[in-house]
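Several structures are given next for inspection.
Next, two complexes with subunit A in common: one pairs it with subunit B, the other with subunit C.
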Partner chain A sequence: MRGSGLAVTSALVVDGGLALLIIGLAVWITAARTAYGAAVGFMAYGLLLALVWVRLSAVDVALTEAALGTGLTGLLLVGAAARLAPYEAAESARAPGLGLRVLIGSLCAAVAAGLAAVVLLLPEPAPTLAPLVDANLPPTGVGNPVTGVLMAHRAIDTLLETVVLVPALIGVWSLAADGDWRGRPGSLPALPSSGPLTLLAQVLPPFGILVGAHLVWIGADDPGGKFQGAAVLAAMWVLVLVAGLRRPPLVTSRTPRLLLILGPLVFIAIGTAGIWLAGDFLAYPVGWAKPLILTIEAALTLSVAVVLGLLVAGPPVVDDPGPKARR
Partner chain B sequence: MSLLLDLYTIVLVTLGALFFLAGTVGLLRFPDTLTRLHALTKADNLGLGLVVLGLLPQVSSPLGWIGLIAVWLLALLSGATVGQLLAGAVRPTDWQRLGPRDAGEWTGRD
Partner chain C sequence: MSGETLFGLCGAALVGIGLYGLLCHPGLLRKLLAFNLIGGGVFLLFGVIAKRGGGVLTLAGVRRDGDPVPQALVITGLVVAFAATAIGVALLRRFADASGRSTLEGEDPPLPPSEREAGPS
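Moving on, here comes the complex of A and B:
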């Protein structure tokens, strides 16, 4: 009894500390003077949030939060902050007046209070679809309920989620000037070539590709999946690009564009075939659910990895010709 | 036997946590970027190493051991690389010529 009491108390201390840290960090981010500082704080915030998801036994969400919510989003934010830094002083000089700021603050507080009320006022036991998902998991052939929901029960959401990445990339590319459309993505920092970075970019990718493929494969039965695996693959690609071992592809070249749409195309093709074979769009024929889900996941992993890498690599620019060419 | 192993785990993980604590204190208190980097990488290398060594007997499968050790080795690799990159970025270009004492970054000690 004493042992379990101790465990409960120490868990409470850890959870309480985590909650306080997150709130403190959120306040710090809001009060940060520079966008760059806020972006760095946001990355630490995301990692702490991933720990919270682990404490809630939502390892799938924790992996996604760490890989996408923190790693990728943080990288994009830091890049944007660095790019906007020259205009920051002028921008903060025309900050909104006190009244508007109080209004924004109180609206945000009202939203937070509303969310807290919704969570705290849930009936006991909280309404849940978990038993329903559990009961309907065996026909899908996968053992991870999260994957089951994403790929079978709510496949339409997942389809839209993966398709929306393509317009996001088009949005980034459309920032390029007309003349730059023949170019390569140019937002990655051109670091001076150094021994350690080259070594890391040569040694790490084999491990990273293994980890990425592993995350996708075990996603069927354990926490993991295409988004987490694709984020690791994209990170390896970006590492190789930053180290200067490879150049980003021309945005006009065919292969990356085909890879971009491969995943959604496979998903839509299998989903459409379901109309005749299983009676509904995105339905899987009996007994074929797991191999089809794995096929879609594999194709989507490639597409998502390419999209994420190209999102980080940014809009295309035309290299300045001659000896001053980047790398 | 299991009590001994538990004791071993507790001692090594605590030692590792102490290294992380010392590294964090160093990160906050040391005077310049290079010494802060030293504190940070020390925490990663030794602290994480001790935590991993301490956790090994708590894992039953050989795959788990390999996984834990791989985490440590990969953290070592990336930590060493990032340390080099950051140090290269803050090191003044006239470091070689003037020596660290007269170069710009070395502001803390005399």
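Moving on, here comes the complex of A and C:
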């Protein structure tokens, strides 16, 4: 009895320490002098959040948070912070006065207090769909309930989400100036070539591709899935691009564009076929659920990896229109 | 107090801190960072609700824990938040290139007008 009480208390101490660290980092991100410091703090914050997700028994979310919410988002933000650093000095002059900040601060504290009250007053048998998902998981053929929800029970959400990534990329690309439209994505930092970076970009990607494919494959039954795997694949691609071993593709070239829409097209095609074969849009015929889900996941992994990499790489620019630009 | 409640309070605090940063920071990139802080807090609240919802499974003797529906929503949310951040970063880089500023407020730019006009537009 006492032993279990001690275990509960020590778990609570770890959780409390984690929560305090995260809040401390959030304060640092808000108060840091430079945006660069804040962006680096944001990456640490994301990794700690991934630990919290493990503590909340959501390993699928922890993987996504670490790969996507921390790694790729952090790369975007650090790159932008380095780029915008020259303009930063003028920012502090535009900060609101002390009185206004106190007012905003107290109103934000009120918002946080309201949310905290909601957390403390959550209804006691917690409303849940978990038993329903658990009971309806066997027909889908997958063992990971999160994958089951993403690919079968709430497939329409996942479809819309993967489709919305394409307009997001169009949005990023459309910020290019007219003359830059025949260029290549140019937001990645151009690093001077160095031995260690080149070596890393040559050695790591094979393993990263294995890890990414593994995450997609085991996602059917264990924590993992297409978004986590695709984020790892995209990170490997970005590493190769940053090291200068390859150049980003021309935005006008055909292959990346086809890869971008391959996943959503396969998803929509299988979903539409479901109208005749299984009686509803995005329904799978009995016995065919798992192979169809795996097909969709494989196609989506490719598309999501390409779209994530291109989102990080940014809008096209024409930087060096030399003859050796072709590769 | 349980661990879930603790993380729920942490999520509430993150929303408050992020909201403060979003409103008080003049720099656009700092606003984007604060926006992501709010996102982290909201996702954490979802995670707490998912974890609480999984209590039924534990009682029923199922090995799994956590309500997978909010968890799947958070995964969807993380991907969309990334896409939104990518658009935000691209927008503010372009804005800084075109205007020579990294803030929205103020009519008078810190750079002389001649230099401002030189930016691609």
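Observations on the structure shown:
As a convention for this text, the second predicted complex is superposed on the first by the 302 of 327 C-alpha atoms of A that agree within 3 Å, B and C clash if a C-alpha of one lies under 4 Å from a C-alpha of the other, contacts with A are read in each partner's own complex, and residues count from 1 in each chain.
Assume a residue touches a chain if its C-beta (ideal position, glycine included) is under 8 Å from a C-beta of that chain, and two chains touch if they have at least 3 such contacts.
Please read these numbers as outputs of a predicted model, since none were measured by experiment.
When the shared chain is aligned, subunit B comes close enough to touch A:199, but subunit C does not. By the touch criterion defined above, A:155 lies against neither subunit B nor subunit C after alignment on the C-alpha atoms of chain A. Residue contacts after overlaying the shared chain place A:12 against subunit C, while subunit B stays out of touching range. When the two complexes are overlaid on their common chain A, residue A:72 makes contact with subunit C while staying clear of subunit B. Contact with subunit C, but none with subunit B, is seen for A:45 once the two complexes are overlaid on the shared chain. In the superposition on chain A, A:191 makes contact with subunit B only, not with subunit C. Of the two partner chains placed by superposition, A:251 touches none, neither subunit B nor subunit C. In the superposition on chain A, contact of A:134 is made with subunit C only, not with subunit B.
Touched residues of subunit A, counted separately for subunit B and subunit C, are more numerous for C. Comparing the two complexes, no residue of subunit A contacts subunit B in one case and subunit C in the other. Within the complex formed with subunit B, the subunit A residues making contact are 191-192, 194-197, 199-200, 203-204, 207. On subunit C, the positions that touch subunit A within their shared complex are 1-21, 23-30, 32-34, 36-37, 40, 43-45, 47-57, 60, 62, 64-69, 71-76, 78-87, 89-94, 96, 100-103, 105-106, 110, 120-121.
Residues of subunit A touching subunit C in their complex: 11-12, 15-16, 19, 22-23, 26-27, 29-30, 35, 38-39, 42, 45-46, 49, 52-53, 55-58, 60-61, 64-65, 68-69, 72-73, 76-77, 79-81, 83-84, 87-88, 90-92, 94-96, 101, 104-105, 108-109, 111-113, 115-116, 118-120, 122, 125-131, 133-134, 145-146, 148-150, 153-154, 157-158, 161, 164-165, 168, 171-172, 175, 177, 187, 225, 227, 304, 308, 311-312, 314-315. Those residues of subunit B whose C-beta lies close enough to touch subunit A in the complex are 70, 74, 77-78, 80-81, 84-85, 88.
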